[in-house]
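Each of the next two complexes has chain A plus one other chain: chain B in the first, chain C in the second.
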Partner chain A sequence: MLRRLIVKRSLFAIVQLLGASIIIFVIVRLLPSDPATAILGTSVQEEQVEALRERLGLNKSIPEQYWIWLQDVFHGDLGRSWFTSNNVVDDLGQRLPATFELILLALFVSIVILIPLGVITARRSRSIYSKVADKGVFSYGMLAGATPDFWLGLVLLFLFWVQLDWVPAPLGRISISITPPDTITGFLIIDSTIQGNWAALKSALGHLVLPVFVLAFVYGAPLLKMTRNTVSRMLDAEFIDQGRAAGLSDRMLTRMALKNSLPPVITLAGVVFGFVVGGAVLVETVFSWGGVGQYAVQSIANADFNAIQGFVLVATGISIFIYLAVDILHYLIDPRVEAG
Partner chain B sequence: MSGAMQSKGVPALAIEDLSASFFTYRGEVVALADVELELKQGEMLGIVGATGSGKSVLARAVMNQVRAPGRITKGSIRLQGEELLEFSDDQWRETRGRRIALISSNPRHALDPLTAVGVQLGRAIRAHDKQPDPKIRAQVIEALESVRIPDAKRRHDAYPHELSVGMAQRVLIAMALLHEPEVIIADEPTAGLDVTVQRQVLDLMKSLLDELGSSKMVVTRDLGIVAHYCDRIAVMKDGRVLEETDVRSFFSGPSDFESQHLLARTLTSGFSAGAGQIVVRDPGQSPSDTEPLLSVRGLVKHFPIRGSRLTVKAVNGVSFDVAPGEALGLVGESGSGKTTVGRLILRLIDPTEGRISFEGADITTASQREFAKVRSRIQMVFQEPHASLNPNMTVGRNIEEPLRLVREGRLSKADRTDRVRELLQLVQLGEHAESFPHNLSAGQAQRVGVARAIATNPRLVVLDEPTSLLDISVRGEILELLNRIKDEIGMSYIFISHDLTAVRSVCSRIAVMYLGRIIELGDIEELFERQRHPYSRALLASVLYADPDARVPDFALSGEIPSPVDLPSGCFLESRCPLVREQCTTAHPPLEQKSTGLEAACYFSDELMALKKEEPPR
Partner chain C sequence: MEQPAPAESAEPRTLIVAVPDTPATIDPEFIAGVPTGWEVGNNIYDEKIYYLTDRAAGSRDFASFENRLFERLTPNEDGTVWTAKLRQGVMNHLGNEFNAADVKWSFDRAFGLQGLGFFLAIQVSLTSGDNVRVVDDYTVEFHLDQFSPLFQDQMALMYHANYDSDEVIAQTSEDDPWATGFLGNNGIGFGPYYLEEFTAGQQLVLKANPNYYGGKPAFDTIIYRAVPDPANRLALLQAGEVDIALGLSPEQLAVVREDSNLSVTAEQGNTLVAAVIQASRPPLDNTLVRQALNYATPSSVILGDVFQVEASDARSFLPPRYRTYTDEFFPYTFDPGRAQQLLTEAGIELPLDLSITYAPFDPSFERLAVALRSAWEEVGVNLTLNQVTPAVFQQVTADRDFDVLVPPALSAHIADPIYTMEIFAGGSRSCCNWGNYVNDEAFAFYDEAAVETDPAARDQDSVEIQRVMGEDPPWVVMGVRQWSIAHSKNVANFIWNPQESIWFHELTPGS
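The block that comes next holds the complex of A and B.
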């Protein structure tokens, strides 16, 4: 049944990707910018611009351009970036691990810290401790919701880099004076651990700590609130009462409540993750991270059509994959979810 | 035999001076006030009372599980002489499930939806008795078998949503019995079950608990359950115990005024009225040669299931007439299709097949526009009193609404106001015209629903379970009102209900439905006396009369209602009927005249009649 779910959803994912590719292709071409002018600048002659347009295929009809591009995509070719003059596939391949390392770690940190915190604060009692936790979660939710991520990044940099000098300069993922590990997974902390390059690991972690904290702090708040609310509602459910009446321990009852709370929490985690893939761009910029978010903004500013299309296509693919993963988890947790 | 081993003198549970309150933003709300109660060794004590009387809080208080913001404020609860309220959390955990166990209502919600029922039972075993997994599995299967769950090995791995409500309730009973507790608290143990299943479950619960010698406290609104199963009864009101007495003397004449009131209400309303205590009722016009007001022929409704080729076969060929001024009861358990028939008649949904004519005109395919002209003459009263009123309108405005929507001959504003006043007087809510629905009790709100339904002087009113969500004492009021309106105004009713006695107090004819078919149709008294269909017999046998001496016919169906998605090929009752023969498996029997005034769909109704004579008096 699980296989049926995966096959069915994967087929559907192809349709979704095709649809998304058409939309993005057309929208990019509706932009009021002209790539030929963007590449050559304004000080060249009209004929040269026209020649470049012809060469780039920009004078063909949009369906025709789309068809050519689509065929290339099926050959694993997203076209050449006019700005970096690399193939978009290589550009993304270089930058995706940076972004992934950052946001996966941020997600991991929020799950490991905030979900247990949500469960603990959900267990209401009349104690002072419970009231303090209650107010704490509420205040944190408000604060995180109102704090721009880049601003928090700047403040923390000012404090920990400028004033205290506890963290390295926000210039990429690893200090230039350190020999980076050979690329295996593209994740610096994994690669350097495998190769025993402890200096690189230390430097990578130092660079990661602030941006990970910023992302986890700002984007983890909804996770904490969702966990807390759902678990606290579940702890009021009749089956918890029945379990307590059967003599089950608080530990077991909490476990049951958490399991029943997981579906909405997982859904939300998926949504947040999908959002942060592109939404972390400001944090990437503050820390000069060199991830895909920065790349995307750069390519929009430069009317770099192939790069924009490539990024959106990949981002869409990631989102679809995340939602598939969310659905699979739902299916595994909740026996009421049908595979069809 | 844990209960029996205790010393004779000490009650199993002694509650003294017990008070509990809810501490809300508006201040303290007292839920239990100085409750004194004794549960004797091995007895079954029924706790009855209306909604809000505190009976459920009492059940929770005994488990020390009063929900926040409520808590016990004072008093004492002694289990076999041992004070429970001085217990630490750990002592409570050891006591719950092992010495006192709970069977809650609403079995679907009382089980963890994400965990197989066998695993849940296993957890409940492990809570008091650490054992290796295979041994626990064997014990769980044994427990499932003890509550007669068929195919227990496979059901071990079933999830709650895969079980019927009846099965889920059995799982809860099994869970409560795992550690052979001294005291069992059952909170409305059969509230969500169909009547034919209710009997099975209660019989099973009682016999298993008697075997263990446990003492039983049953919280219920149903005096029939008390009369039939309990040794003693305690009546609660406003958090107090008004009367605590043995069942026999209660039913022969309770000493307390409130209790008398409760019992009187129950009996005079025809609700759970014992044999021989039948309410005098106007038989209504006979449906003989007058042209029918409503005529339904071969009605079929199948609901497609989304994302599959299967359909839910809710109604499978229903035909009946309603004469002017006649009240027809449409009776059946949940899933019988009775509510769907009501909605089809009101054209709230479209039939798959069949014909409906009203006042001689075919309304089956009438467009919503055309039907709007007829609508003022067919009205409906809904099950949920508050949900069916517009909360933003005053009571008066709610009643006026249908008058404003009349297409032809609409009354003037002044006339409408007069009419609303008249209707409010009729339902005895004269002073409530300017109130809003949320200020009304459920019974009052339902009376508004009735007033609204009859505002346009309809010729037919479809009543969809109008009393099933009301307290016993209020049900009587509504039934009296319906009877009065019928007699004074002479409109026709289709009374949809699962409650035979309620139907009997209002209707003169009855149609019994099972799986979307009418299996018996005719005169209601004849049906009560000499029913010709085994299902009707079982339905009647499952009614628990509020009279401990009532003779209860012992005729039970096995199993539960088959799925309406996958109907049996022969008689729909074939898998459950004790009279089943080979002929029953081939084709569904047609509805045939069996006696004056009764039609039934059964090949062997004569055998059923013969069976009745041999039946031993209970």
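The block that comes next holds the complex of A and C.
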């Protein structure tokens, strides 16, 4: 059954990827800019621009261009970025670990802190504590929803770096004066730990604190609210009342409620992951992070067609993979979902 | 012509420069419009000759030249053949020596690619690779089709880059015979620095060339870090995390000036504060309309509001620091009544709807566009703001598809008055006449000046061109930008050059 689910979802994922690639390919070509002009500047002869357009294949029809690009993609070639002069695959490979380290940690922090918080605050009572928790969750949800991530990043930098000097300067992932670990996974905290490079580990963690907090704070709010609401609803369900009548402890009842609340929470975690990927685009710019988010911003500003397409394709692929993982988790928690 | 004074340093020193972004390319053939690109190029490739520089005084004499990679550059009697004797023993960090084949390959590449180097070579009547001839390992002859008064100025430009041709040729292929793929993010020359690392969009590291003929630079390592947010660049400078912060707004520069630990090195630059008008598009093709827009512009108010102390008056189409600058023919003072009168004379039905296009190359550009919109509204001209990305801006300028344009840098890299005006408002020798300005009288003066052997007569031509442009303005000129570098006190001796680049080998440790 699980294999059938994976095969079915994987086939659907291929269709989704193809659809997304067609959409982005066409949209990019509707941009009012020409990569040949962007590469050569305005001081060269028109014939040179035309020759480059020819060489880049930009004179062909969009379906022809797409077909050539698609064939290259199947050979693992996303084309060359004119901005970096590198193959887009190499550029993304170099920058993805930076972004993954950031967003996975943000998601980890959200899950480890906000889901338990949601469970704790869901255990309703008439106490003042419960009312304060209610208000607190509501206020946080409103605040996080209304706070732009880049703005929060700038404010926190002003407070914790400029005023208090508690965090390092927003100059990427590690201090210039620290020798980074050799690349094994590309994740600085893992690589520096493996190699016992504690100075690098300390520096990397220091650089991660604020951007991870920003992403977790802004994008984690729905997780907290969803967990709290779902667990709260479950705690009012009949099977919990029956459990309570049977003498089960509050702790046991909460665990039962949480287990039954997990499917929507996991789904939402998948959605939040997608939002965090999007949020990383601006947060990386604020913290000069050098990940794929910053790469995407630069690509759009420079009309770097191959880089934009490559980024969107990879980001789409990651999102689809996450949703696949969510589906599998759903299935493992509740095999009935496969039928649906 | 004297040699540059060597700089020596005893201990390793590093300079960290916060920039809005790393250059899109460092290939000298394609770096027009990429200021960090030509700055890196200057430091990697050096110059053959350059304007005479007095390092102690921190100044240059733009009427004289000093030898750099060329030991001697002498013309024949009619100035159509220039013989260059190369300095011997010029080595790069790899231990390779600069020779005549390097010079020849550089020009062959320019003609092969027909990029920036080609455009510049044509300007001085070098029309093919055959015009550049190797005599021996240290001698090259340049055969000009006709005399050009700009030849020496052109040899002072980095764009005719001094590649280590052996190393670069090793990177060529059948598909890429001029190593464009390699030179876009690599550079091997004979300059004071070599490129150690370049991760586009993140970081670029230059290392001092230990074999530099002018002596090892005072700073061993230069690190460019891309810091997209200007507020962060300022904060990094204030925190001592970086030594130089580029791309700061006038307000941020004012903050730096107030900080006793920091400095702003400032000098009047050569970048005009101007709005380019599309002179081929009705009704802007009417001289009266362009005159009206100049009268409708309160230049001094805009300079004060937008640029504060970072700009000053310019009352001509030539930057005031050039020797033939004159304000004698610039009648435009803020006079909305006169502007309206001219628009009426031109038969314009008001309100006139126009758009102004700009890109966020500089934090001030949007404010400049807003200021113009407010001012021109008073005379019945409605400006729509059209902010675009850098790539779209490039396309808009290439297509000449705009009403009014805020140009990123209306400045030339040769300190020559005629060249400065011609490339932005000239005819066949112009690269960047984005406004499609045509004036037969001005163009005749350009043609005359292009082959003029008498410097005084050439200077007179440039005065005449200013007169003609005063009567038939191609742009709205408001002033000239200041070259302002915000830096820590650890570094000093920034010397202005027409590229407005930092030449790191000229810098010295500060207090």
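FYI, the second predicted complex is superposed on the first by the 338 of 340 C-alpha atoms of A that agree within 3 Å, B and C clash if a C-alpha of one lies under 4 Å from a C-alpha of the other, contacts with A are read in each partner's own complex, and residues count from 1 in each chain.
Basically, a contact is a pair of C-beta atoms (placed from the backbone, for glycine too) under 8 Å apart; a residue touches a chain by one contact, two chains touch by 3 or more.
In this text, all values refer to a predicted model and were calculated from it rather than measured experimentally.
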item: Which of chain B and chain C A:Asn86 touches, first, second, both or neither; value: second
item: Contacts of A:Gln294 with chain B and chain C, given as first, second, both or neither; value: second
item: Which superposed partner A:Thr37 touches (first chain B, second chain C, both, neither); value: second
item: Which superposed partner A:His75 touches (first chain B, second chain C, both, neither); value: neither
item: Touching partner for A:Arg251 - first (chain B), second (chain C), both, neither; value: neither
item: Touching partner for A:Arg3 - first (chain B), second (chain C), both, neither; value: neither
item: First, second, both or neither for A:Trp161, with chain B first and chain C second; value: second
item: Most chain A residues touched (candidates chain B, chain C); value: C
item: Contacts of A:Ala237 with chain B and chain C, given as first, second, both or neither; value: first
item: Overlapping contact positions on chain A, where the chain C interface meets the chain B interface; value: none
item: Chain A residues within the chain B interface of the complex; value: 124, 236-239, 241-249, 252, 256, 259-260, 333-336, 340
item: Touching residues (chain side chain C, partner chain A) in the complex; value: 16, 21, 24-25, 30-34, 113-116, 118-119, 181, 184-185, 199-203, 223, 225-229, 231-232, 235-236, 238-239, 241-242, 388-392, 394-398, 431-432, 434
item: Sites on chain B touched by chain A in the complex; value: 63, 65, 67-68, 93-98, 101-102, 104, 106, 109-116, 120, 123-124, 127-128, 159, 161-162, 172, 175-176, 178, 307-308
item: Chain A residues within the chain C interface of the complex; value: 31-35, 37-45, 47-49, 80-86, 91, 94, 154, 157-158, 161-162, 165, 169-172, 176, 285-286, 288, 290, 294-295, 297-298, 300-304
